[in-house]
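Two complexes are shown next, each including chain A; its partner changes from chain B in the first to chain C in the second.
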Partner chain A sequence: MSNTVDHIDPRLPKDIAEASQWQLMWRKFKKHKLALISLYFVGFLYVIAAFAEFFQPFDPEVTSRRDVFHPPQAIKFLDRTEDGTRFRPHVLGTTLSRDPETLATSYEINADEKIYISILGKTKPYKLAGFIPMSRRIIAPTKQGERFYLFGGDRLGRDMLSRTIAGTRISMSIGLVGVAMSLFLGTLIGGMAGYLGGWIDSVSTRAIELILSMPTIPIWLGLSATIPADIDPLMRYFAITVILSLIGWTELARVVRGRFLALRTEDFVTAARLDGARPRRVVFRHIMPSLMSHIIASVSLAIPAMILAETSLSFLGLGLLPPSISWGVLLKEAQNIRSIAQAPWLFTPGVFVLFAVLALNFLGDGLRDAADPYAQDLG
Partner chain B sequence: MYAYILRRIAWSIPFLFAASFLAFTIIQSPPGDYVESYAAKLEADGRQVDEARLRSLRDRFGLDEPFLAQYWKWISGIAKGDFGLSFQWQQPVSELIGDRMILSVILATSTLLFTWAIALPIGIYSAVKQYSWGDYFFSIIGFIGLATPNFLVALILMYVGVVHFGTNVTGLFSAEYVNASWSWDKFVDLVKHLIIPVVIIGTSATASLIRIMRANLLDELYKPYVTTARAKGLSEFKTIMKYPVRIALNPFASTIAWVFPQIISGSTVVAVVLSLPTVDPLMLDALLTQDMYLAGAFILLLSVMSIIGMIVSDIVLAMIDPRIRYR
Partner chain C sequence: MTQQQASANRPILEVKNLVTAFDTRHGTFTAVDDVSLELVPGETLCLVGESGSGKSVLSRSILQLVDRPGRIVSGEILLHEAHPDPKQDTTTELDLAKLEPRSGIIRNIRGRDIGMIFQEPMSSLSPVHTIGSQISESLKLHEGLNKKQARERVIEMLRRVEIPNPERAIDQYPFEFSGGMRQRAMIAMALVCNPKVLIADEPTTALDVTIQAEILDLLEELKTQNNMAILFITHDMGVVAEIADKVAVMRYGKLVENGNVKDVFANPQHDYTKSLLQAAHQTQLPSTERLAMREERPLGDPILEAKSLRKEFYGKTGLLGMKKTTLVAVDDANFTLREGESLGIVGESGSGKTTLARCIQRVLSVNSGELHYTDRSGASTEITQLDDKQLQPTWRDMRTVFQDPFASLNPRMTVSQIIGECLLLNGMHSKADRRARILELLDLVGLPSSAMERFPHAFSGGQRQRISIARAIAPNPRIVIADEATSALDVSIRIQIMDLLLDLQKQLNLSYIFISHDVGLVRFFCDRVLVMYKGQIVESGDSEQVCTKPNHEYTQALLSAVPIADPTQRGQQKRVRYQQ
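Take a look at the complex of A and B:
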């Protein structure tokens, strides 16, 4: 291997000449500022998703009859009292009034009542991720039993902030699980088609073409309509991811097949085969590593598509169903014009969808550029 | 050319079969069969269940026969225009579909035309004026258009319409035209109502087409033949439109193949939100109530529509690019 270094342009700095493929990719990726910011943002969302209970000020299922469609409250950080000004985050209380004729409710700010918020405050004990017992949340009302609504309340007075955070867990993870399944199917079928060629290739290419020519949402809807309605929420979650990936694998299979076809005739693959390596070794030791970067880029572009698909399905009432909370389930509440005219803050999960999908797209773009060894600038 | 078109149409026949097979599998998947649910529904309504009628229905759809035989009965019935019965509506499916299908076709085609009409000039502009303010502007709009689920755009427009302008953006006809027979005024009214759904459904497809056109044209724009054309004194407009744009159009035309299914797919959600009188809200309703013959017919028709869209786009592609038709 020592003479490979001689072929590299001697004008390049030494550390580039010796950097591994992953280091080169990272170096190039870092230059793409938007992608880097997106990486941090996506990471942030996944941290929230992983520790959702800790970030929720309240239990997302707890209803409050007095706070139906409660408007969002702004946090005030400085507390001015007779004793002077102190740092003490709080929101101003509200009083509910009902128009005697139209029965429309409205909330008026009541500056005398203050609901104090403590950071890492104690609440009712809960289980983080279902098994770690905890009793503190990142923000919580100082006095237990009080409620505040940073993102507003929904039609049952449930806290939208807590619900959006709970939705982050399911929506962001359904993208990952669904893509993992599509990736498995995609690399399996695409890899076989590309490596073996022949009739397997023609059949799978036709199948992919067929699936791509179908309108996906009607078919997704049709398939999810066949899931029994009374099934356990967790099973439904998996059923939906399977349905999404039944169609989602096609794009990945196309990418993998194309790369396999290109790599199959490369010198190093031929050399491996002539050395007597068995097909499995050729595929996993020689071809797969040079595919990895492409696969990662395609995967990061497939996740947002999955998230959008789940959101649309749940929005139409054929995806996840309450009591599961996903962004799509939450947006279903904003489906009729009466609720959104009264409570425009029901759109907040939509804002999250928008930013998550944007960030994942930028991240995918950055990864794809970084993974392409033939892209313009060097390191 | 005709040989190519014929070959292309022949090629799509197995696709049509596969689509119908898929639709039928979806019809068959829920537990129980159609007549059982029909009988249960009649009983639930407290009506007399007529055994003889049930028997004739069982025979008609061959429910006691194996899957493939049932499929054959269904598909040959469709060939004769018999799509089965909707047990929720107590009507033959074909009667329910008619008008709605026409509106769906109108909606999808006008969205496709809109997508093209917008994406083409903007794509060319963005490539020619790369990194200009306009290019950045359209890139940002494009990325947001791709990232927003289109039902969200529909909801927001509905919200803005109701809260700020006091108008209702839903439906495809004004109240006075819903049941009116077709006339010029009704047509004008339809066109007015079409604008919003078309823009909403078209956004994401337009955004991706702009990216594709821009990238394709950028590949061509700096090739020597363009410089030659310019050096020979051709006007800038003619230079670009006559040579690189024509070449960049080829990959562009081949993308309509998947844009059309994407449009049909996207219109489903938007049509439900905006309660358009297309097939989509009825299909969703049928799926939610497991009215499977109705739902299956819709899924089949929408798939057939996508496949026809693909054929059309392949033919368009062959018209632009002689290499394809002579292969």
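Take a look at the complex of A and C:
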């Protein structure tokens, strides 16, 4: 028996010997620099979404009649006073003036008035995520009651930065929750169609094709118009998520069905069957793990679609409604010509949508490439 | 005459100290390491080597077709009589290694001075263009012919590669051609500009042996007609013996042997060449180990009996799948397998041998017929009508080793999980027991115990096949079905796996059903053999008798097409073609 051990191919790198599939995937993913940056960016957005109240300098609902359409202010870090220059972040105060003839308002910078900002400053007590009592925010005016507008103020003088952060929570989470629901439906229906085949496959495939052939926006509009207008904002949030995922599951179901069809005839699945594995074990122990990477990749590509869908619905006024705050709701404020002319900073949520969707798409691309065992490993 | 003689001996292409390397994450990997070769007009140089030896990279380096991150590091590739300018007929000497992979000059060389044929005739032709338009493309590019002239030349070329009815074939699409016809079309494409050098990278590996024989004949004929130099890449020593004038052997990127074919076969210098030749010769005769084993322990009683097995597949064609078609994959198969016996099933692709194996294993259902399995206690069961649950005891006794060592092991499980799966599902719940059994099995198949916690991708093809065998013998079976279990492996590893299987048979008194397209392997390994053709068993009997004195005409045709690994016997075998 001693002469039966194979020679070792010199091409086999030694260190992958005990690396699992996930470790190999991560290694491949790391080479996709854009995807890696996107991963960090998306992670950052979700951290903001999770701890939204902590990152908001102000309560997003608090209005200020004096600061209607207040322009964005720049933070100055060095404070020059008679005592010398010190590190003390602040913004310069403004005074409102009105043109006596045209009645147009304008804010003049008042260099003497400084609004100091403290990091982890104390503010009015609030509850993080609705139940953790806290009283500090990441940045807050040193003197309570003062206000500053890093992203500007809206038509009621509410702080756009705080509102955008609040919108991040809803918009980013609607993607996650919606995709989670689509994923459940998609894997269940797609998996059954792919594994069982036969009439179940025919019926569900036709159903998927039917749903995919319908124009999505009118369907969403029609469905969301059936939600009562006076419903609780949280319920509305869930209703909208359900509506979005009722369409979103189809794409995932197709992916899952295709993978099941391919894997069902793989030799190792047949081998498991011959080993005496029952169908449930074959599906969960053998097919599902091989599917996981593909599912993760399709999910990360489905999230941006979800976010865009929510944004467009809310923008059209049939998605979430105030007092809920999402990027779409915020962009609804920027619908008229006046905001373009007078307060272009109302578009900042749009910039967030753009970057979030781009980052999620890059992330999905990177994951898909990393999960694909046939992709060439270049260097 | 003398002038022609002189030019015939002068090489047309010289590779000098070529080094091609790939920059990888783990450092630079040298795929071709200091290789020097010469191609002479009118001669075939066979480049032999196993997978990963760098033979394909070498051939691609010549045409500057190496994909990134590969690059030619140093060395020269001298092409004499090159046509760098398509408009002029002047020839010069050119160093191809110095050219840019995307330069116009190398594009002029490709197809015009050096033609290339690839392994897979399925994927190297464009499916959406007609055969004619693909072949005439290089004529238009290199010789600036107009449509009508090009068409004439293409028809002429198709006639030369013996494609029947070339006037019609020129307007057909690749999918209308069989594998052998596609490879002929591919050859026509490579040769239409009358190149002086032809590089053929495993052109017959994907083809059936009878078609391989025809393609080899064709290449030989074209070589003499055109006075062309052929670089023929292969791993099959039989093919080498059949067509080579000179042989070069590569291993791990280095050239280990280079010489005249008869000298190399008669008197190999390098140990590696010796082992390759030994493996090739060994599989042309019955295994002495097997014969000794049968002396010691004669075959037992029949344990598996098939009576007129039939398997049909149904397809749908026509509008909305209204028309049903039936394909009879296995028709009226009868055989008996005895205890301790190795039964071979041999046939070409599409002959139904794999379907038959899957029917025996009952992965597939059977349309009609009976399959009787006699277990250890002597009780006989008819298994064609059982469902998965009722088949459990039979599946424990009858196991499969699959063809593809990469697809048959779950990539997400460690080796101990893969082998342990069957033990666990058959009631061995104690972890320590399972571990002990897995260690025993790994030792039995010649793998170190450290393999247990590794994933399949950490192993080479041969080692994976050992894992697959360990999984098959885990529940102590009586029958192992090996479906082309060695065909994905290199020659030297193949013989190791065959020896392992024989060794296990000796120790565990296994019966094998061994499916292969390779007649030599079947003769080496099996006591009896079934020859399948188009779903039917056309001949069955003692393997020696079938392989030396075949009765059926198809078997005769099949055997006459098998290349013999001995260049001195070249051309002595009379080729029989089987026409139904």
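Criterion: the second predicted complex is superposed on the first by the 367 of 379 C-alpha atoms of A that agree within 3 Å, B and C clash if a C-alpha of one lies under 4 Å from a C-alpha of the other, contacts with A are read in each partner's own complex, and residues count from 1 in each chain.
The criterion applied here is as follows: contacts are C-beta pairs under 8 Å (C-beta built on N, C-alpha and C of every residue); 3 or more make two chains touch, one makes a residue touch a chain.
Computed from a prediction, not measured in an experiment: that's the story for all the values here.
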item	value
Touching residues on chain C, where the partner in the complex is chain A	23-26, 29, 52, 68-69, 252, 361, 363, 388, 392, 395-396, 399-400, 402-404, 407-412, 421-422, 425-426, 443, 446-448, 453-455, 457-458, 460, 462-463, 466, 471, 493, 496, 499-500, 503
Footprint of chain C on chain A - complex, ascending	1, 4-6, 8-13, 15-21, 24, 266-268, 270-277, 281, 286, 289-290, 373, 378-379
Contact set on chain A toward chain B in their complex	206, 209-210, 212-219, 221-223, 225-226, 228, 304, 308, 311-312, 315-318, 331, 334-335, 337, 340-341, 344, 347, 350, 353-354, 357-358, 361-362
List of chain B residues in touch with chain A within their complex	14-15, 18-19, 22-23, 26, 29-31, 143-144, 146-149, 151-152, 155-156, 158-159, 162-163, 257-258, 261-262, 264-266, 268-269, 272-273, 280, 283-284, 287-288, 290, 295-296, 298-299, 302-303, 305-307, 310
